[in-house]
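In the two complexes below, chain A is the common chain; its partner is chain B in one and chain C in the other.
Here is the complex of A and B:
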């Protein structure tokens, strides 16, 4: 029960730390219980969670654009606005991502990006589309 | 002898001189309804937390001041796009709406009883690690060809930067007034002006007579823009919160043409004291 209570409390508080499905699998009581993997999570869709490498790269680019100190905790859940990005910063972040990943983000898609995870999801899709 | 309350306000706070201790900060935050506090705490940088707090204090103070409701009874919600509005507006102002903005040293709020209103404040700051021309070209797809030409032809790099920020600031004010998020499509909007007065907007290529715009210079580095216009142009999620979306043309013209007021400077102390 602890992990279920934990996830609902976390989803309300929107913690800085990303929730990782692996941590749920460690709960011995829930071993093999597929129901656990369908728990509502702060992320949009567990099965489409962005690759860790992508999330890490986005965090790096965002930190650079917003001139955040290295020790700042930035993860998938982090909202650009909460990291200090205004609309101009968001446009520049998206451009930085386009350059690094060699993709092109449409204005309409760019505008749905609110969190690091959103950006990473979009990047993964666009990169996969190119392959 | 009481003046009829117009519901129109233009308030500005200079936060550079507000340096609260953690206790003072928390005391100010405690004036707001509980659900607002986590939102403020999530901002990573202290200055952003300050701006977020003052922005909300302005919203609640304004509503308290105009509608005489205590802070904890004020119900400010946000649409899916993030536009804040007063829920259950029982005031005499059928379309009471407001817009806040913060940048640099300033946090501001504007309100109107009938027309939509939007505010944007920008700080004209030198870009880091790139020239003004390089910086501005990042945003070329958000500007129309005409605006782009005006910007690049503005003169010195500082002039180019300032010109860019004027156009950006105006677009933001409009988009915020109609309740849209960043998803509106800045390139659909084109601004025309005479020396930055008589500013008018073309939306999707058509001149709109139902919007007015003003640009203010707050100080050497900060600009503010105000957009005021027809409630019919609100996007659906925001339009639903308004009572009187269709206004008689004469009434709208009269509201649009009423003279624009200057900002009133408020201090954080004044905002917090108003609730005591």
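Here is the complex of A and C:
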């Protein structure tokens, strides 16, 4: 394992950056990356917050779907109903998320989504389950 | 006659909407896909405040009929998919 890091350091001009990009490339693939702990991975058993990227992406899609002005504060805790979305809007938002993340949300799961955080959590779970 | 046509529940209506949007996704033609989505959303939004149970049931039955039509058409269109993609689908370069 040390030899892999060593050889990549030799083949690239800037070894620090090379090791970083290697770990970033490996981190989505869970198998065999126990030696690269540069990015903390959310464990599936512990329900921590959803990844920041996912939350941001969800916020973006929500804003686009509801045609909210750009400066609107959309964070993880925002409820869809507070943002002015009715249940039809919620269905459309979930479909948009399905399309963007290329996942398939169950009927029952979709009914329970009330905040941006819920949506991001569900997406992360489905993406992790798919990978 | 079906005098006891109960109004559809909220969950049923949302399920119908979701099926419609999913069916819309299957169209390879951009125009039809967008139209189905837009028309579906507009129709559901228009009828959202129907107080009368019978009117709601009628609208729900209409929606189901349209879903069947959309499903059949998705199949037919997939047989004759156009080779060129619509300009709206090209990524902004």
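Criterion: the second predicted complex is superposed on the first by the 84 of 131 C-alpha atoms of A that agree within 3 Å, B and C clash if a C-alpha of one lies under 4 Å from a C-alpha of the other, contacts with A are read in each partner's own complex, and residues count from 1 in each chain.
Definition applied: contacts are C-beta pairs under 8 Å (C-beta built on N, C-alpha and C of every residue); 3 or more make two chains touch, one makes a residue touch a chain.
Small disclaimer: the values here were computed from a predicted structure and weren't measured.
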Does chain B (first) or chain C (second) touch A:83, or do both, or does neither? first
Answer with first, second, both or neither: which of chain B and chain C does A:53 touch in the superposed model? neither
Quick check for you: in the superposed arrangement, does A:92 touch first (chain B), second (chain C), both or neither? both
Let me test your reading of the model: by the given contact rule, A:68 touches which partner, first (chain B), second (chain C), both or neither? first
Is A:111 contacted by the first partner chain B, the second partner chain C, both or neither? both
Which chain A residues are contacted by chain C in one complex and by chain B in the other? 86-88, 91-92, 95, 107, 110-111
So, in the complex, the side of chain A touching chain C is made of residues 86-88, 91-92, 94-95, 99, 107, 110-111
Touching residues on chain A, where the partner in the complex is chain B: 13-14, 67-68, 72, 79, 82-84, 86-88, 90-92, 95, 107-108, 110-112
So in the complex, the part of chain C that touches chain A is made up of which residues? 10-11, 14-15, 17-18, 21-22, 25, 41, 44-45, 48
Could you pull out which chain B residues touch chain A in their complex? 38, 42-45, 48, 103, 128, 138-139, 141-142, 168, 172, 181-183, 185, 187
